[in-house]
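Note that subunit A is present in both complexes that follow, paired respectively with subunit B and with subunit C.
The block that comes next holds the complex of A and B.
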């Protein structure tokens, strides 16, 4: 106690004394930032004109595929960070909590429907779910949100409807299947004796610190969240896309497609495809549309339910928040359940 | 040093990624990676992130997180993650944007592809006028070829198509595939489609991956080593620039 109090007082003085210099520094750093971005643009404009930099065919395709995954998911990651900033820095603390039912099961059911109002796919969902934990959601509750929201979000529903209409129960199977998995997984993890133990050390520490850090203005807090989320998520997005691109170049596509007509194998093939491809849930219906004639409808539903929750890029991103053991359990449970949903549809419809 | 690099690394990566995205958007090359319907959304979100990134550099919010110096393995893993993501960031800025190549086309089953299988219907095309037929793409023709291989159907129809060259495995000296990728969401799902072209010794004049425009008609396959019933026999075959929209939608 005696050591911390003087330190914080000192800190306080420190901030006051250097206000003018700090604001001068801001202009300096703004100039640095602008020059830095301009330099990136100049370099890019220069290298963009080059014929080639001597990258051979398959490596060039690997980079093209990785770039494609990054560019496709980036806007959703940014949207997710922005929504997370709104939830953490601009909404009143108890707004979301006030109207939720008391019973844990009903609470999770209500939370699994949150996604209807949030147009974020799975990569944007992780920062949002992290924000919800910091806001006081329990870990299983935010996991329910994390799993349900990418499937129940309005963009996903619209694109799935555009791609498949109401044919073969694909849209209905996707929505109901996603909700069921999210609620059941949330319930399973709520049985864990110490839910906070499933978080990574770094994030659990951040939750414990909470709002006891130095006082910040809302703008500062927003930018702080922006920095923190991007430093956690961007390396994961980059590395996940690189691995996804490499595997796509290495595994011939027709290996998966030849498995397509068998009710059981086509489900496993679809899960493998969803795992490797790593596209966002808001666009994956268009992705799978060309395969619709090759694969059975239940297998398509498996792809559409499994893909938004578990894939290479998602595992890399979720590893920022949950421990490896939890991700393994999660992958196993979700794989079994989505395979089950697919099998039911394959044999019944 | 380590902790401030870790703190700023994400902002650096996101600035690189969105700068590359905005530049692609400004030079109209985003369609090399994503379907045109996502272009506006992508550019708007990238611009927002660009502003946030530069602002956070300017304001440099106080760090609310206690720095923990990583030790042992977590330091190694952190270092590898830093290097890998840095390498990807460099490639985003340094490698000239390009389309997928024939290497991926041949790996994705160019012959059995069922993309756009209903893009044209034999009965409707039977008596179509020349103008409509001249507008047919590689995908339209291969959808027709899947429906009928009756030579008389194609006898009075001249194809005028653009695509890139993918080598054939059956008869590489005389036949190549004139191919295009079809994209429904982004380059990740690009599906190749190809028309078999019979042009003996084509490799003397053109390279694999080169873009060419071919006019010609479909005739019974003269090659004994390939079992395709019909092939496109070119009257003219000229090298062209890569189209500004290289993928079909």
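The block that comes next holds the complex of A and C.
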């Protein structure tokens, strides 16, 4: 395998030369954030007693729906970030990788369960997957981890349970479905005669950057991870919530109900929704919860297993690692398996 | 198990790009076929029942209880006539989203398995119709009664089918009792009729005497089922020329302190009553005032609604729909919703016209009543408990050789049974000589199924309370 290419000199200069500006930017953003939060409190204090603040009905509905998703999901996102810091900065690198079975199938099965101890959503798993390859894992094995971890991780399991409990087999369907997809895709790509051809050249550089960055103390690393994860996750939460609210406000309920009760359209609609909104697996259960009253449970599971693996955001991130052809093949198999899992649950439950 | 290798792992075996593509195509093909199969099955299956909710206790205590059926998907509106219940009970059906609500028009029978089917259930997007079916078994009531004896009187708990007899409280000189909230309210009386009211907790054994606002006779205990509100009257020991004049009605919420509150009447003054009762299952009071005004009182809001003028208060029906009262023209049932009056004329028993006594009149106009049959020569009469469906009356209980007397009766909240208090032989004078509420020592309560007239259970005691 020829993936460990040293980072270019330019990359190092890029990191070091711009530190003062990055620092200024951080203070600027901190100021913006503080003023923003203060403005929200001031607005609340000013408008709290008013019966109407002149916000049109649809906008009020949109804000209410979006805020409810944010309020429900935010504590879990913060928890996810904190756990991610613990795993990435404070646990030994090879804690989870010391002992693995020899058999490829069992080895992939074990790797697909790694996510249980790695409580980060799919955004955070890509760097971890790169790390696995650097430590000697095959590409299909790291792919198995990448597909399973966002679904199997404890934050996702907790939020899914929080949203749905054990109703209609949604939680169990998501966990087992995620494991099945990850292992089958891993098996399928293990048959590829040239695993390195799956990867893009650029991925090697990113791996190198990840392993050759400046040495940091654990505290610095923790702060760095916190800022990185927050800046990736928070916009996803807020924008995802707004899109979820907008869909419910904009799309007539009759259309949603008709779509949601049709065995085929409910599955396709959920996959399309998951693909477009690209919400993180840590919070997607809360996002989709309002749709549970109109969509069949299997369709919800399809959303919950398809979304963490294939969506606009993940394709963009994975494109840095895998070739377009591989992503197309991956998307096709994952879509069919997600649809199959949803159809089976709709039939059985 | 082995430590992790640092070198890159080779691919599993030798694979050609052709075999990879073949396996990939095969996988996609298999998945497509499987998706097609389950899609077809999904279209053919139609909606299914995911879960159901029904309160097995409430459904035997009051009408208008709801069975909620949750489907696995959103449903098109369900046809109003699509519901059927076995054994037959009138029910209405409505649907919203994935929920179908089946509302029973009347309380269901005890300890009976009901099967509810809703036909023609279909998804809003069409597809196959399905029938959702759900079966459940209703609860049995808990029965309490008073068994007076030496040295102590006992409040006994028992069931419909079990012969188990559990003493929940025993004490001297119990005049009346009623379960309220988690406790039992018990009234006793001294020889001069001065009453005391005690709350006893059967679980902890704690008893406490309630501080009453006036000294007098304590009587007419009643409590709202599934609530903590107790009601009773206190009468002055010197009744004056009209004995009922001082019967002031009080309430006490046992879960909210020990404040005894007088119920106020139309004039805003404490209400004096000749008879009163809670409407079963509610905290609404129906009372006949000493000014002969029948009123309905909402204890939450204090709203008092007059329902008419009458002389005597008989009882609120077990189903909470009517109150039976008496005036110069005889007995009448008054609907509690709108005050509509219906004069009660008993239907003949075996062709003979009976005289009407105490009566329970349900929402459908059926009567369970004490009736008296007088022989054609007027030389003898028999006292019976009968069921009148509006066409004919049918004897539910009659003492052996008409030697005994029917003292009182209590219809179950679902109108399925009636508890009849009987003195088997009136020639034996065996009164226990309690000052407020005397009973023959031989009093026995029989549980009679109204539909069949069958006696299913008997207990030695009286004052049976259905819970």
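Please note the rule applied: the second predicted complex is superposed on the first by the 196 of 349 C-alpha atoms of A that agree within 3 Å, B and C clash if a C-alpha of one lies under 4 Å from a C-alpha of the other, contacts with A are read in each partner's own complex, and residues count from 1 in each chain.
Just so we're on the same page, a residue touches a chain if its C-beta (ideal position, glycine included) is under 8 Å from a C-beta of that chain, and two chains touch if they have at least 3 such contacts.
Just so we're clear, the structure is a prediction, and the values are computed from it rather than from any experiment.
When the two complexes are overlaid on their common chain A, residue A:216 makes contact with subunit B while staying clear of subunit C. Put subunit B and subunit C next to each other and count what each touches on subunit A; the higher total goes to B. Of the two partner chains, subunit B is the only one that A:239 touches; subunit C does not reach it.
Applying the stated contact rule after C-alpha superposition, one finds that A:35 touches neither subunit B nor subunit C. Look at A:116: by the touch rule set out above, it reaches neither subunit B nor subunit C. In the superposed model, A:328 makes contact with neither subunit B nor subunit C.
Of the two partner chains placed by superposition, only subunit B is touched by A:26; subunit C is not.
Once chain A of one complex is fitted onto chain A of the other, the partner contacts of A:68 are limited to subunit B, with no touch recorded for subunit C. Comparing which residues of subunit A touch subunit B with which touch subunit C, the overlap comprises 257, 293-294.
Every residue of subunit B that touches subunit A in the complex is listed here, in rising order: 6-11, 13-24, 27, 29-30, 32-35, 38, 41-42, 44-46, 48-50, 52-66, 68, 81-82, 84-85, 88-89, 91-104, 107-109, 112, 114-115, 117, 182, 184-189, 191, 209. Partner subunit B is touched in their complex by these residues of subunit A: 25-27, 29-30, 32-34, 36-37, 40-41, 43-45, 47-53, 55, 57-58, 60-61, 63-72, 74-76, 78-79, 81-82, 202, 205-206, 209, 213-214, 216, 219-221, 223-224, 226-235, 238-239, 241-242, 244, 248-249, 252-254, 257, 277-279, 283-284, 286-287, 289-290, 293-294. Put simply, subunit C touches subunit A in their complex at residues 1-9, 11-12, 14-17, 19-20, 23-24, 27-28, 31-32, 34-35, 38-39, 41-43, 45, 48, 50, 72-75, 97-98, 123-125, 127. Those residues of subunit A whose C-beta lies close enough to touch subunit C in the complex are 1, 94, 97-102, 104, 135-138, 141, 168, 184, 188, 190-195, 257-265, 293-294, 296-297, 329, 332-333, 336-337, 339-340, 343-344, 346-347, 349.
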